[in-house]
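Shared between the two complexes below is chain A, which pairs with chain B and chain C, respectively.
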Partner chain A sequence: MIKYIVVGLLVFIVYITFAGSLSTYTVMTGLLVSTVLSIMSAKYLVVDEKKLFDLKRLLYAVYYFVKYMTIIEIKAHMDVVKRIINMDIDPGIVKVPVNVKSRYARLLVMGSITNTPGTVVVDEKNNYFYVNWIKVTTFEPVEARRIISEEFEYYAYKIFE
Partner chain B sequence: MIEAVLFWIGAFLFILGGVFDLLAAIGMIRFPNFYVRLHAATIGAIYGAVLPLIGISLMALGIPELPGRYAVAGASFITAIILLVVAPVGSHVLAYAAHKSKSVPWSPVVDALEKDEEK
Partner chain C sequence: MKRVIILISILAVTLLSSLVISFVAEITVPRSLRDLSKYYIANTIIDTASPESVAAIVWDYRGLDTVYETLVLYLAIVGGLAIFTIKGGFPRGEPMGLTELSRNATKIIVLLIATVSAAIAFHGHLTPGGGFPGGSALAVATMLIIPVYSVNILLEKGITSTKLVAIRGFALTGLGLVALLPVVKGLEIVTNQKFYPGFLNGVVISGSISLYNLLEFLAVASGFTAVALYLSIPEELYKGEVRD
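Right, the complex of A and B next:
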């Protein structure tokens, strides 16, 4: 039951933020839309209800979002911008082991890797990501994981597992 | 006072987004093949689109006389978050399809995926 309320509340907040108004009409439509969507999708979206009440996970998610958008992205962007200017590229596809298990955590790691310029996840097989890397500095999977995805996995583990 | 600060931070992010878009476009032209150009496209998608959208949202909050400013701000912010979630899926699917169909000739330093598929 709780997962339906939480998903509905999230949809409602997104709807109201997107509409940018608190008129009766918007609130009523928002309530209707969020109720229908939460009934339809909550059972697929939420696997473990207990995790919804863990405030630490939410704080980690907010901290990770801010850190990702500022520090991590600036570093990666400046690196690729430098390569655009000096054309110092050695592209290739390396194997990166992935240790997190849940689907959400894997999606977060995959999204984080792909959203950082310089690395794109091409495929996933047997607990390995195959990452297209603009400047391959190592062929060793463990070493590549340390450079590419160790930090993302740390936060994915804290948020979703 | 706070509105002026929001407006100028937003304007800064907006202009920064334009600069990164320009750099991404130069990268698209200079890089040799599809797989490397994907990285330039990522620059255009994250700092070239998500950042200016957040900038627009802050700018809209900073202009009190703008009609419907909360709608502009809210819609921009939600769009930025959704873009952040769906953009990597698009990049991944493009790379996956290009690699599976072998339609892009390139000379990588190492191609672990092809090696593993041959096994």
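Right, the complex of A and C next:
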């Protein structure tokens, strides 16, 4: 039951934000749309309802979001800017092992790698991500994981596993 | 060194062009309105009970034109589907699709697209948007599912072209009825406020405009999705039919 409420709430927030209004009409249609969409989609989106109650996971998610959008993104952007100016690049695809198992944890790691400039996940196979890296410093998978995705995996584990 | 000079030149041109646009060759914004614009701004809410002039023009002032346009699009889609029809129904196969990561990301994206498309359609009589953009946005969700999950997933969930065409038919019948009902009371076809209420308990619903938007939303979403389903039939199948 709780998964329907959480998905419905997410839909409602997106609906209200997109409409940019809190009028009776928007709230009423928002309630209708969120009810219909949550009934249709919650079973595909949430598998383990218990995790939704865990406040610690939510706090980790908020902390990671702020840290990622500020410190991690700025560092990655500055690194790529420097490389563009100096042409200090040596692109290539490296094999990076992924240790987290749950689907959203893997998705978060993939998104985090791809969203930072300089690294893009191009494929996944047998618990490995194939990452296109702007400056390949190592082809050794464990070492590449330490540089590229270790921090992302730490938070993905805390939030979703 | 040559590289640094090129990069600095690009930066200089970018900065300079933005400065030129801002201060020297300023983009002129019209400061006065034409009489027709003035009329719509002043009277749309009175004439149509809608604060959104574009929606009011499309579904009220020139409503009959839009009803016919919708009919033309419907016939175009029916024609398209007739060309793509194959004997023995839609081919079923094992769903393949893309990686697990792409599927999980798509689940969330599809939910967000559906939410936004509903917001566009439901607010068509209040803000820019309406049934057509909302329905097109919803069709994008299904067009995303086809490559990521495979067309067979849609068919397994019961989203077949027959049902989609039926939904489209139902929506267009409703649209026609909304346009025709005022005639029963001796009013003109596509009449809005004299027949449909503009407000419901103080909430702006703009009479028939919100009804048209909702039905158009269903019609466009189901029509475009049906076309997407047919376009995902492999070419080989058609070639086989031609050979037979």
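Please note the rule applied: the second predicted complex is superposed on the first by the 161 of 161 C-alpha atoms of A that agree within 3 Å, B and C clash if a C-alpha of one lies under 4 Å from a C-alpha of the other, contacts with A are read in each partner's own complex, and residues count from 1 in each chain.
Quick note on the criterion: a contact is a pair of C-beta atoms (placed from the backbone, for glycine too) under 8 Å apart; a residue touches a chain by one contact, two chains touch by 3 or more.
Not measured: the values here are computed from a predicted model.
Chemist: Judging by the criteria at the top, classify the pair chain B and chain C on chain A as clash or fit.
Modeler: Aligned on chain A, chain B and chain C fit with no clash.
Chemist: Once the structures are superposed on A, label A:14 by its partner contacts, choosing first (chain B), second (chain C), both or neither.
Modeler: both
Chemist: Report for A:6: first if it touches chain B alone, second if chain C alone, otherwise both or neither.
Modeler: neither
Chemist: Once the shared chain is lined up, is A:24 touching chain B (first), chain C (second), both, or neither of them?
Modeler: In the superposed model, A:24 contacts chain C only, not chain B.
Chemist: Between chain B (first) and chain C (second), which, if any, makes contact with A:45: first, second, both or neither?
Modeler: Second partner only, chain C.
Chemist: Just chain B (first), just chain C (second), both, or neither: which does A:93 touch?
Modeler: first
Chemist: So if I put the vertex at the Cα centre of chain A, how wide is the angle out to the Cα centres of chain B and chain C? Nearest 10 degrees is fine.
Modeler: With chain A as the vertex, chain B and chain C sit 60 degrees apart.
Chemist: After lining up the shared chain so the two structures overlap, which partner does A:37 touch, if you call chain B first and chain C second: first, second, both or neither?
Modeler: second
Chemist: Looking at A:106 after the superposition, I want to know if it touches chain B, chain C, both of them or none. Which is it: first, second, both, neither?
Modeler: Touch partner of A:106: chain C, not chain B.
Chemist: Would you check which partner chain A:117 touches, where first means chain B only, second means chain C only, and both and neither mean what they say?
Modeler: first
Chemist: Going by the contact rule set out at the top, does A:72 touch chain B (first), chain C (second), both, or neither?
Modeler: In the superposed model, A:72 contacts neither chain B nor chain C.
Chemist: Aligned on chain A, what is the least Cα gap between chain B and chain C? Give it in whole Å.
Modeler: The answer for the closest chain B-chain C C-alpha pair is 7 Å.
Chemist: For chain A, give the residues common to its interface with chain B and its interface with chain C.
Modeler: 14, 18-21, 84, 87, 110-111, 121, 123
Chemist: Could you please specify the touching residues of chain B with respect to chain A in the complex?
Modeler: For this pair, the touching residues of chain B are 20, 23, 26-27, 30-33, 35-36, 38-40, 42-43, 45-47, 50, 68-75, 77-78, 84-85, 87-89, 91-92, 95-96, 99, 106, 108-114, 116.
Chemist: Show which residues of chain A lie in contact with chain B when the two form their complex.
Modeler: 14, 16-21, 69, 73, 77, 80-81, 84, 87, 89-95, 110-123, 125, 130, 132, 134, 136, 139
Chemist: Show me the residue ranges of chain C that touch chain A in the complex, using the header's touch definition.
Modeler: Contacts found on chain C: 3-4, 7, 99-101, 104-105, 107-108, 110-112, 114-116, 118-119, 122-123, 126-127, 202-205.
Chemist: What residues on chain A touch chain C, complex-wise?
Modeler: Those residues of chain A that touch chain C are 7, 10-11, 14-15, 18-21, 23-26, 28-30, 33-34, 37, 41, 44-45, 84-85, 87, 103-104, 106-107, 110-111, 121, 123-124.
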